[in-house]
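One structure is given below, represented as structure tokens, and several questions about it will come after.
Order of writing sets the chain letters: A, B, C and D. Residues in each chain are counted from 1.
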Amino acid sequence: MNPYLNDFPILKEEHNGKRLVYLDNAATTQKPLSVIRAVDEYYRSSNANPHRGLYELSIRATQMYEDSRAAVREFIHAEKDCEVLFTRNASESLNLVAYSYGLNFMKEGDEIALPVSEHHSNVLPWQMVARAKGAKLVFLYPDKNGRLPQAELDKIGPKTKLVAVAHVSNVLGTVYPVEEIVRRAHKAGAVVVLDCAQSIPHYPVDVKKLDVDFAAFSGHKMLAPMGVGVLYGKEELLNQMPPFLTGGEMIESVSEQDATFAPLPQKFEAGTQNVGGAVGLAAAIDYLKQIGYDTIIKTEEELLSYALDGMAKIPHVTVYGDTRAGEQRCGVISFNVDGVHPHDVSSILDSDGVAIRAGHHCAQPLMQYLGVNATCRASLYFYNTKEDIDIFLASLKKVRGWLGLGD
Amino acid sequence: MGIENIYTQILTEHNNSSRNKHHIENPTAVLKGVNPSCGDEIELELREKDGVIEDAGFTGIGCAISQASASIMIDLIKGQTKEEALRLANLFFGMIKNEVTDESQLEDLDEAIALKDISHMPARVKCAVLGWHTLENAIHGERNPEKS
Amino acid sequence: MNPYLNDFPILKEEHNGKRLVYLDNAATTQKPLSVIRAVDEYYRSSNANPHRGLYELSIRATQMYEDSRAAVREFIHAEKDCEVLFTRNASESLNLVAYSYGLNFMKEGDEIALPVSEHHSNVLPWQMVARAKGAKLVFLYPDKNGRLPQAELDKIGPKTKLVAVAHVSNVLGTVYPVEEIVRRAHKAGAVVVLDCAQSIPHYPVDVKKLDVDFAAFSGHKMLAPMGVGVLYGKEELLNQMPPFLTGGEMIESVSEQDATFAPLPQKFEAGTQNVGGAVGLAAAIDYLKQIGYDTIIKTEEELLSYALDGMAKIPHVTVYGDTRAGEQRCGVISFNVDGVHPHDVSSILDSDGVAIRAGHHCAQPLMQYLGVNATCRASLYFYNTKEDIDIFLASLKKVRGWLGLGD
Amino acid sequence: MGIENIYTQILTEHNNSSRNKHHIENPTAVLKGVNPSCGDEIELELREKDGVIEDAGFTGIGCAISQASASIMIDLIKGQTKEEALRLANLFFGMIKNEVTDESQLEDLDEAIALKDISHMPARVKCAVLGWHTLENAIHGERNPEKS
């Protein structure tokens, strides 16, 4: 029935007699066998420290690592391999930009504009920069549907030096108008840091066409293993920036008191890199390409429609942001059940094998703006099915009953 | 473990009642407790006189488990000495960590025994102990930081 | 014959008709099947974002992640789990200390003492701190045998605020007298940052007994997968230090302009952590414990003696540092062949299936001190055999001939 | 690929000879080239007049391949125009990247053809091109930075 079931062993297993209905894909996705096997195979037959050795095994490991970089470059349509830096996750990617670009190219009075819906990983690094440099954080507030009104976009003005924005909100699922934001930012002379952690698993990301200056994402949210992330940066900017982490592999030469640094991308990759992770990411990209974004988008849109329709019929359920599926809406559904705390909703759904998240989703400024303490979140991926949604809806219907509340 | 064992009548009642969920008169201690992993927040108020907890109440938001647990706790500690309250807190932690399992030892926890099965739900342990940890810290003299 | 061969598939495979003789263990070790399988199994059946979910799968992932932390804690004899921070590699661990401790607790005129033999990852972060804070780097110089004379240790004095030292040199194999260094440093009121990347794969590391303030190492050099490292820090110090990387998972609460941070260890673990990597590290620790440091030390000492004896008999070969095996000497051999550049030595050995390294080994200050541009390095692990050494020695004998040089 | 093909007589000779390894008189360009991954360093000296490379030499340390490659390069470019030197450099890069394989096209590289098989040894490619890259940069006007 589910054509992907054989690729994802975890989705077939039963626990306590119940099949896993995995609806926490925005937190991390499951991994196809092809990814698990690619990593396994790397360690069985090609493991070595890359870039360091002149022997065959190390050359092979280096080649696999650099091939993975090229695969990422092609996938995000970057111009050059050296614009693709491997990191440990999206958070580290964003910290790299904050430490290396933010602390060195921003000054007192400069403004950093960002939607209030940003993930903490795209908020805290900018708070750090603002504090250190006397810059100012300017928040853009979405409307009821999660969209950014023109008046909010107008906040991107002459003082703006950096715009940090998620391609897709990890709470509301809104797809932000990146092209328009970039246009405004560049007109203002600001750089744009795109957090595409939640878009690239579901939508094509073309850094060239979007013309963003930086883009950050995590492998683990797009079928790849944990422990590998990416920072894309325009060559010109990366060349101007000082290194962030220092150590082995990123130097040109070192004396006792001083050092000069290697060219891109090595300049930003200190210490032994995660070759296994990079190889896994390349395998994930292969798998995604095989399925195709067209299929992914179509499947998820159908599931999202189906879920939102079903939820609309359950009394006492409130969905945040846009309540209909559509082009500017990704398969992330934040909701609450009247009178029931999200934690209780999650525990009750879990007893039916349904995995959703409950909490602030690392977006407390948005929670404060929405006036809630926490929400439930169900997030979809192409390997989910209508049956998954049916089980989710059935479980959701029973929630208030468990807590002695009426329909 | 099943949801049935957790969401018992006692919890449901305490969660839905507001018996202990309110500010108190002239509190001698006010302390916020936060569960950062989920955003639960309660603020505990105590009025202590001569080492005895005369009155207690709490406000804030949280799940059924953290709310009911705090409410049950307040029923238990009102009128007790600080030492007794600390002893009960330790007994509660022991139960939740599955370290104290002997029913007769747990007797003093009264209604709070309904939360015993939380020991099998690691993700909810923090909810169950939030009120009790805040109590412990408040008795040990911790206070809300001054607003800066 | 080799009892470990079945655990390490890569050591059995033949390439171009030649079995791999892997003598680049100081760069990275090979991985036993038990480690590869543990990671594989995690992704097949327990993968979820830890700390975030209230559902069973996430609880299991969290448990496995925290169990791995406890395994590391026990292995290095730390007092508390919260003193064990997961990073991506030793380099990031050292950068964390430099950024969070160095930039915040050091001031103009303070001295940072470090042996000149340190790995770039334990030099460059301190150069960064020195530059930013006006502190001074004071180098300690080893004698001909690689040992630090008392007069050099005397440089640790009243102005010293931090001592950065490797437990074992990755070039000379010297075991440094950490206990004495710690005694002197603490007397001077300085903290000690131990780089145990090269010791922990071979020697027990007891952070409590050594009384170091920080200790950094990489999983990939001790049988674990790439992409996971550790920073140990004393609780008191870690509590005083501000966060380094910021983002999801490491907060207590976030408002638009400000944030408070989670307690240890989360405070230093921003973003989604590498659970698979941590699980692999725990499996590696299990494997190491099963073999036992006694066996490892004994095996490596025998192999080291055998190799050094053999090399002493080959004309035109110079070994750097101590030329005899012994307690203060680990299985890392740096050497040169007269008239032949290390790269050529490495390429020639590679043609016989022997993997060694050639270059500066991320230790250019030491190279400058030794007056060489580069060396060859053969580094051993317990899974090597006398036969490996025989093949290495036979190949080494032929090197000068290939370049038209006489015996 | 085998070691035999790489360490040919030509390489061995160039590596062991010091014909081109020396300072030159009145250089018009001096540029250091570094291979950071392995620590190889050469310093190339050129004397150019009216667009022609009158003399060239190099100093520094490196492996047999980088040394021999630099030495062979100098034999080839001495007396050539800058343009011709750049053309040869590109031809050499093409050969090493395995992009130009046609023997007749490579003819102009003369002795340097001995380095053809390096294209199968990725780790050594940097050694083979070090001198040529330094030449390219020097012709494009790059100079050693002032000592600071």
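Convention: a contact is a pair of C-beta atoms (placed from the backbone, for glycine too) under 8 Å apart; a residue touches a chain by one contact, two chains touch by 3 or more.
Since we're looking at a predicted model, the values are computed, not measured.
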item	value
Contact-richer chain pair (by C-beta pairs counted) among B-C and C-D	C-D
Subunit B and subunit C: spacing of chain centres that average the CA atoms, whole Å	46
Distance from the mean Cα position of subunit B to that of subunit A, given in whole angstrom	37
Whole-Å separation of chain centres (CA-atom averages), subunit A against subunit C	31
In subunit A, residues with contacts to at least two other chains	52-55, 58, 251, 253, 343, 347, 358-359, 364
Contacts with two or more other chains, residues of subunit B listed in rising order	37-39, 121, 123-124
Touch-based graph of the chains, sorted into line, ring, star, complete or other	other
Set of all touching chain pairs, with the criterion as stated earlier	A-B, A-C, A-D, B-C, C-D
Subunit C partner contacts - residues on subunit A that touch it in the complex	9-10, 13, 15, 20, 22, 24, 27-28, 30-31, 35-36, 39-40, 43-45, 47-49, 52-58, 88-92, 94-95, 116, 119-125, 127-128, 130, 137, 139, 218, 220, 225-229, 245-249, 251, 253-259, 270-277, 343, 346-347, 349-350, 354-359, 362, 364-365, 368
Residues on subunit A engaged by subunit D in the complex (per definition of touch)	51-55, 58-59, 62-63, 251-253, 262
Residues of subunit C defined as touching subunit D within the complex	340-344, 347-348, 351, 358-360, 364, 367, 373-374, 402-405
Complex interface listing, subunit D residues touching subunit C	2-3, 6-7, 9, 12-13, 15-16, 37-41, 61-65, 67, 121, 123-124, 127
Subunit D - residues contacting subunit A, complex	34, 36-39, 121-124
